[in-house]
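Scrolling down, you'll hit the structures one after another.
One chain, chain A, links the two complexes that follow: it is found with chain B in the first and with chain C in the second.
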Partner chain A sequence: MEPILHVSNLRFHYQPDALSKERWALKDIQLTVGAGEYVSIIGPNGSGKSTLARIIAGLYLPTEGDVHVCGRATSNEHELWQIRRRVGMVFQNPDNQIVAPTVQDDVAFGLENMGLPRDEMKARVAQALQWVGLAGMEEREPHHLSGGQKQRLAIAGVVAMQPDIILFDESTSMLDPQGRAEVCQLIKSIHERGTTVIHITHSAQEAFMAERLIVMAEGQIKLDTPVAELYPQAMKLKEWDLDVPLEVELHHRLVKAGWPVRASITSKEDLVSELWRLLSKT
Partner chain B sequence: MTPVVIGQYVPVDSFLHRLDPRGKLVFVFAFMFLVLFADRWPSYLLLTLFVLLAVKGARIPLALFLRAVKPILFLIILTSLLHLFTTKGGGVLLQTPLFSVHEAGVEQAVLMSLRLFVLMATATLLTCTTSPMEITNAIEQLLRPLTKVRVPVHELAMMMSIALRFIPTLWGETEKIKKAQMARGVDFEAGSLFRRIMNHIPILIPLLISSFRRAEDLAMAMEARGYRGGEGRTRWRELTFARRDLWLIPTAATLWLALWYLEK
Partner chain C sequence: MEIVIEDLNVIYHPGTPFAKQALTDINLRVASGSFVALLGATGSGKSTLIQTVAGLIKPTSGQLRIGNQVVTPKSKQLSELRRLVGVAFQYPEHQLFEETVAKDIAFGPRQQGLTEEQVAERVEEAMRWVGLPPSLKDRSPLALSGGQMRRVAIAGILAMRPQVLILDEPTAGLDPRGQREMLDMVGRLHREQGLTVLLVTHQMEEAARYAEQLVILSEGRIALTGSPREVFGNEQALSRLKLDVPEITKLIMALNRNLDPPLPLTLFSVEELERELESRWKRGDDR
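On to the complex of A and B.
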């Protein structure tokens, strides 16, 4: 797999001119993401995960080290606009990322910035709205939408720009369960379309939807592993005060209580079949 | 509850709704100039008739229209009373020890009321038949030539459009903060006028702080979507001057000529 994102020796400080350089927001980050991968980044508050996302999107520049997106360095001023075009970002607060007074104007906002001709814009806006399930709401005003709808609108605005990477910066954390499920479903389909997805989240449940999971704490990458291999060591997540998915917690407690279950499971389905096996034996 | 910002757009389909907003804007300015210039009975009769016809043509429910005009009713009554009692001239109609009412006073009062009504009705008609987005767009395009003398026209239009987007959001937030402060025991209705104004500070400060936070988030989101000012930008909304818009020209010309004749 050819890498679409390459981060090497990245360090970031919010006040690079400050005398004492003790409080680095990010320290010694090495990260390579291949095209089409689905990665989640999980970590406690203040672990630097949002900062990392903003650096990848070219919104902040690294204090030290390099970030290459699609082979372009974010440190190059001229490439920066190209990078922002290729990396889409969906933010946390649904209200504060909708720019225009109507749904269709907002989807078109990024396309206007790209300088696309009107016919192309029309086709892309219609397609994006159809895809996120907001077709027929073109003239709606954003404040009449629900939280989930607003976030889907933000996704439509990003998807219409056809970026290579889409970053979700805690995009589900301000939504109700239904909105959350809708957005998660969209994230999955974006990945299935072949777009690289980086999903930053607080929720272990959502993080485990990805193929690869990265744990960040204190500005560093603490763990970087395929999700399938994470199950055996998932209890480690507690070290960083992170939640553990229900199935992992359950398995752990069963083992602890002395039930004869396998010592390691690889997925939720695996645990379910293990439990069936156990029940049919007794 | 939604705030009434600048009239309120009534989304129905009518000839006036379909007109190009640039044409409408220019026409309304020219028309308002005419209203200020008119000074005699017959001219006002004509102008009022024209506005009433336009309201009818816009297919706006009359009740909605009147509700939009209502806020200045107080102003109309006040100015007409002022004119009624202060303008002297002509025969005396009513004489009391305190004040007197002259013929000229009555005439002025009626004319002034009509003038205010026509002005307000025109502005309301514009905002009822043109969506705020169209108005913003029209202003941006009409002011385009000013970019040459370094007026940041695109930026101003973008600010207007963002303001339109966020007014309802901030309004909702104000209501929320107000309720939160009331739950903490702030009484907004009690006390002297000064006291009541001071009571609103606990609403304003949180609102201000959260607006700054929103602005920062929004700026970040705009940059992430590649916003870099007006240059190299194409537009989603296109304004096209159609044949029906040409009707505005003879209409304006006829009104000007008629007024010129009536005022002569």
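On to the complex of A and C.
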């Protein structure tokens, strides 16, 4: 099957006409994502994560190389509008993404621009609000919602457009723990309904919820691996000053201290039951 | 500088149909030079409390004392109080506006009527405190990285030499390394300059690791207060308040489902947890 996203030999420079081409924002990016995948991208600030997201969404064009979304090249001006319709983006600050005076108008905003018939629009708004758990709040004013609710409203606006790919660019970083948990749960359910999800985050815990994890640093992809295979080598994340999940760090220390634990673990639950086994024998 | 809050109530739009009680019967004492973390869900009253301490909102009833400045509902002059308390609101870098880093940091002390020489001294000192190299002095603050911009904003507050520093989610949006560096910097300021620090955070890890005292707000009231050990060791209160707990506490709770006797909930670093497991393991060998 054709991949939903294909990036080849991508390089990007914010000032392509500058004489010095030393500071590439992105270099030598090769990336293929299949339909329905759940990918997370982590990396330090300035590593190029958000730039890559904007290129995938067709907001920036590659300086060199190609980006294909659903088989269409972003470099083709006639296809660009189609691509932007296929890729939805949810940003960091919920307050910057809300445009209308009521919840339902806000969800309808994007649909109005698509020129959908009114009935279909109404059905999509209702369905999107249902999905994100805001049904019953149609007439509420968005600025009276909590941070987590506002972000779910922003997600409803994107979901209603029925994109093939949804990019979350640090969409949880301004929320409180409850809002964060709500949005993470929602991201998971969007993936389960078959939408391709790309989630950019600073949180190791959130990144490990995905099926596949990409590490970016200095404008390059440094690591691209299924999360299940990442556990054994997760200490590597420290090389890029990234957080390592606590259970990975503890396991690593116990191995070094000579505990007879299994050489690799696959999850937190796995480490917990391994420790139960060892401590109950004693 | 000591902060004492007694029977404080704050009601927005009192006596109107829109009246909303934001804080109810707050009693709190923060010892001079201590590091306090303020926790609570969105809407629990954290922002109202820090704005009251900063002298930006007046109490509806009760009183607040910082050093020898007392604020009551009748207080007219809050400018002395404001001189003692510096606040870095969320995303303080959005408030940078000057052409250069040095000019931006100088803005506050210049309003305090200092000589140009004194202002320059304050700028240099504040840059050193937040770990900004002097070479950045003449750069545009808007051309710096996110973490550096935030340091410039905090330096602008420190340059006014407050006795109390309030930080509202200073690590939001920074990467893990930036978060660590920011909190280490705040910890250093607290230790070396004797600043009283009030840290508003959603991150339980930060609170557990850096603060001496935690204050947990819920629906405008103080729901729980104590050292990190007291608060995170109190499993009943944690579940009653639906508080998020540090990742390490979650891991210990998971282990405790099948360990007798349970591990203490008061281990906050992976080193401590490893030592505790190690001693269990050794004890088992001896049997």
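Everything below uses one rule, namely that the second predicted complex is superposed on the first by the 280 of 282 C-alpha atoms of A that agree within 3 Å, B and C clash if a C-alpha of one lies under 4 Å from a C-alpha of the other, contacts with A are read in each partner's own complex, and residues count from 1 in each chain.
Convention: contacts are C-beta pairs under 8 Å (C-beta built on N, C-alpha and C of every residue); 3 or more make two chains touch, one makes a residue touch a chain.
The structure presented is a predicted model; accordingly, all values stated were derived computationally and were not measured.
Using the contact criterion defined above for the overlaid structures, shared-chain residue A:Glu192 touches neither chain B nor chain C, since it reaches no partner. By the document's definition of touching, neither partner reaches A:Asp66: not chain B, not chain C.
Look at A:Met161: by the touch rule set out above, it reaches chain B but stays clear of chain C.
In the superposition on chain A, contact of A:Glu239 is made with neither chain B nor chain C. By the document's definition of touching, of the two partners only chain C reaches A:Trp276; chain B does not.
Shared-chain residue A:Pro117: touches chain B; no touch with chain C. In the superposed model, A:Phe109 makes contact with chain B only, not with chain C.
In the superposed model, A:Glu229 makes contact with neither chain B nor chain C. Applying the stated touch rule to the two superposed structures, the chain B and chain C interfaces on chain A have no residue in common.
For chain B in complex with chain A, the touching residues are 11, 132-133, 161-162, 164-165, 168-169, 172, 213-214, 217-218, 220-228, 232-238.
Within the complex formed with chain B, the residues of chain A that make contact are 54, 57, 59, 81, 84-85, 87-89, 91, 93, 95-102, 104-105, 108-118, 121, 125, 139, 141-143, 157-158, 161. Contacts from chain A toward chain C in the complex involve residues 43-46, 92, 146-148, 170, 173-179, 202, 204-205, 241-243, 245-247, 249-250, 253-254, 257, 259, 268-269, 272, 275-276, 278-282.
Those residues of chain C that touch chain A in the complex are listed here as 41-43, 145-147, 172-178, 202, 204, 244, 247-248, 251, 254-255, 258-259, 270, 273-274, 277-278, 280-281, 283-285, 287.
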